[in-house]
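You will see chain A twice below: alongside chain B first, and alongside chain C after that.
Presenting the complex of A and B:
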């Protein structure tokens, strides 16, 4: 305990060279170490950590290194966006460290180069289960956030097509169905992420019921509040929000109203798959009949300008898809593929040698690998063999050690 | 040579095998059949012994068996003389030290002498390669020559593209007939038939699972008629009908939808529409209004679009692989000027 408190006290002030001694011996007294700051070997640490916090400056030389997302950013940007296990890890290690990997770097490089007066480009991150698609997406989103874009993040589209407790017939359109809980939850998170834009964006006129309507020129924040408060119309509010943002993303060229829109959807194959929701007459619901999905699909088309659409496929939450499917065509299906193309597919492979080294050293540094055998070369080879350098399997394995 | 004298009462159990070189006799005692070989040399002695021993008068004389034939076999003997026809296993005529049977506790498989297991099973000792050669030589006068022009497999396939297979069964049971002998299999490669594009696709659709895509072979198996001749005629008839039907075009074939297509065509596909729309949107705002045929053709004619088209067709027809996806990615990047 002593060690940990000292470590947390020392962290903001001391350079990263200190942490080297955690690797050397667990349970050593830190006081003895304090005096020897200069003799620590920088090479070991600089292998897996980088001090470059700004994603815009990440480049190939940072590949395989961990960078820390400032806690303030994590709270604002990812209230619901990070995968659950990663959130646990952030809580345990007291810091959110993400590895810089080639797929994310590729995405960021595209985002930097593209002309934003043209229609948005669609990027699809695909790869084996647990290879790091969601985290790469989050990395790219962090970049967008630091550049001041408006983030539209749907953490898992699969949550909208299954396990919905309430399915109301839509108030505005007779053939559609609303999901008030999911919609209002998403609106809450959207509000947290995009605080500063809420007052800037101006709206058109919307009529909700006979007595309620949103006048023209009101700020977005009001609309979002109304959606959060009135659950019944929250799905329609989501639709309205999406529409507004779409129309206004690249429109205004003056400094005040201009913003770029980043639409990030994880598990985008849910939009064109099947649902497990049943209507009242016990027939299966099509995704098209859900308001949220319908509006999101409209968002995926490239008929607006001034932003980018980043998506990731996911087999983990998907319905009726085989476990081994990971290629775009298999997971998206015919309809999804036709809707999404032309897109840029970005492959997210398992860890390379260097990245695995990095991850291993990071876990050692955080004292996550407690088992003495795991610190040896033998143990490392075992880990490589057991996990096949798959990030999520490695993480689950190390949790036992 | 003296013939063995057998007791009349035992005659029903006895079986005498006369062989050129040796004499065997089966003697049954108390309904158990055992085989003993009688040595020829001491015929007289055994006679006496038998009479001396056999107080009951079971055997008047019993010849000893001579040495087995295997002792006198040369390495380069004519085997076809030993086993000219199918015969049961004779341990004294087969010079091989075979053992057969279950090794009872701490034992070994029993030897060939007196081994019923070896006699029970069918053997092919009469069908050695030398014997077969002799059969062939004997049959040659009855055969005609193989045509000299057909000296390779390709030429055979070229001149005789249809292969008909059927099985003959020979059995020696209560009935000589085998119902499976009526099955006829007809194999033909579609590339050897005169089919145009539409006819080929229709033929493949009509033959459904009888067509193998990898080897381009249509296989028709008929077994509905009782005779092989009838089945063969039926198979030929089916082939003829398929061929002629696939050349015809029916009125309802106009309604063929995209889902029926065998391969992916890029023209008029949603993919092409998407690409066109994207390209149109990407142009500067002023030029957006002049959407005519001319611009459409011009857009489609760009090399980037052609490359995209190739990548799409490859993806859809060959299935998805990393390689295909990589090509697709390159094509998209070029198309959208990243």
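Presenting the complex of A and C:
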């Protein structure tokens, strides 16, 4: 009785219509909990959810369980960062729940223990298509955010090497090309994410045109605004921002100036692959010739200190790579592999039994699985077979059930 | 007439023609003074109108002669093959003919056969009336005498049974639970078979009427009196599932049971090893089935046999498939999985699977392209001018 009331109190968002099912459902889950482990915390009401909202405190105990990211954090941290399908799911379910999985936990544990006076470590998340690399990256980023780091998140580097409408020759260097739209878009999102760092002091003097320049000692926010307003030089502004942050990240170890830099790039194999952009004389563009890519590559080198470089490979958006490729050396190519070496590879597998179970219960809980057969054991086995426990395939499958 | 007359004269003259030329002169005088009129006839008149004659009629002597020839030929064939002529059966004949006259023709009916004349020549009715033109059978003028006589006999039997029933009632021994004729596992003769039996054509309504009358006979309690008469008109049905070939279960060195089976669909060939190991991994051509079949429909095809039998997570599947497209490959794999599952499953399940269509090979193949058309069915664009 008490437990029922507790359940109804902690789920205020459930509508009246579903309440009845909900309470019954949670009743069943309670029995499951009681049957399963007796050492579970009393605040754990269901097997698949955890009330531990702080990524810093996640541990192996929470593997397979969902934790909620507060909506404020989602708006700030991930204006552009989450995969589109996940964004739809967040909108539908009215909450952003992410599963705690071993690869993300591994990453977070590394981040906790690393010495930040040394050059940053490069972490590469790799795995099958749809196995959860991007979401693990987002989980780790959430941890960084709660710890107060400066987040430099490029949601998909592939967007910078294809489908660009405007390709301007660079204003500063003759053989480079600018992408003003993408650069200004990214700067806007950067501003939203890192508002509290915008009053940082910067070091150098930058000259944009004959009339405009940014003096020494101006805050970073002004530099970013400059890039957002003046589209022509936005790519160079991006380069300048990256350079500043690189120089300042490890600079002051204490006091107000100290911050740690998290560089997160999804689809990092785009930096060393090919592009589909053409120059005006119809020859193919090399990624080297794009300003944004060039600056990002400089970022990837670990000649600075005081942060971490988290990356994830992606075959889905990649150009000219076969569908079955998922290993780092296949997707990065020789050049990329040499540049990224040495790195810490983190493999992201499909769901395990427990994780699948928990995902299934989560969908049931959210009433996402409407079909009555999907609630039975047989239906669950069918889902396992049809999706082979791949997260994205399972999600697409459940979408029309 | 005139022509033959001329020919006749010419043949006589030919004998005397060697005597000399003088006779030639006298030919015109000695020739018969018949009016010789040249009638030009074309060969088309001499051809018979084959269609008007109707189906070929074989006389009884002809059939008897064929039967004798067949028997003699059978003995010759047995001698040729080095076997005993006395115990030479029809199967042996078929085997020998197939050996002696190998044929590459696809249609089995076009290959050389040697069968008893009764099976080759269609049954024909003998002449139905006597020398004076009077028909033998009293129902001849109905047009379908054997059909109506059958109905007549049936009704006689029904009346006989009713009389028997009345007798039993009089004696006081009337019961409804008498021995019933066993009808399961057999079916009524089809209309074509009935026509063959009666050696005459009957219509659909006639056939229905006959079957109704049979059913009426069977509905009476004492119908077992006429059991053998009724059974003459029933055909036995084989249990289809007995015909299934079930692959043998083999055992691994580790003791894991596995079975191997093949499947085909539309030029895709698949071969499967089904292991009873307790995990649900599926590997096809070395790749995970999620990578090999990105389309959901193909994976559903693989799922169907396992789900039907209820053993989803139990078996490991290792398969190789080649040829055709992804859908045909999925179909071939499905057939192979169902066949491999037969050895792990009970007979009732086998019958259920057969009825679900899991064990039937899909006979559809790509239709041939015809000349004058762009594809198998598509015609060329029709232009008015």
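One rule holds in what follows: the second predicted complex is superposed on the first by the 355 of 401 C-alpha atoms of A that agree within 3 Å, B and C clash if a C-alpha of one lies under 4 Å from a C-alpha of the other, contacts with A are read in each partner's own complex, and residues count from 1 in each chain.
Note that in this section contacts are C-beta pairs under 8 Å (C-beta built on N, C-alpha and C of every residue); 3 or more make two chains touch, one makes a residue touch a chain.
Remember, it's a predicted structure, so these values are computed and weren't measured experimentally.
After superposition onto chain A, the modelled positions of chain B and chain C overlap sterically. In the superposition on chain A, contact is made by A:390 with chain C only, not with chain B. When the two structures are aligned on the shared chain, A:320 is found in touch with neither chain B nor chain C.
Once the two complexes are overlaid on the shared chain, A:328 sits against chain B while remaining clear of chain C.
Within the superposed three-chain model, A:338 lies in touch with chain B and out of touch with chain C [touch as defined at top].
When the two complexes are overlaid, the chain among chain B and chain C that reaches more residues of chain A is B. Across the two superposed structures, the residue set of chain A contacted by chain B and also by chain C is empty. Listing the residues of chain C that touch chain A in their complex gives 280, 282, 287-291, 296, 299-300, 302-303, 306-307, 310, 312-313.
The touching residues of chain B, when paired with chain A in their complex, are 270-271, 274-275, 277-278, 281-282, 308, 312, 315, 320, 322, 325, 328-329, 332-333, 335-336, 338. By the touch rule above, chain A contacts chain C in their complex via residues 323-324, 378, 381-382, 384-388, 390, 393, 397. Chain A contributes residues 110, 113-114, 118-119, 121, 302-303, 305, 327-330, 338, 341-347 to its touches with chain B in the complex.
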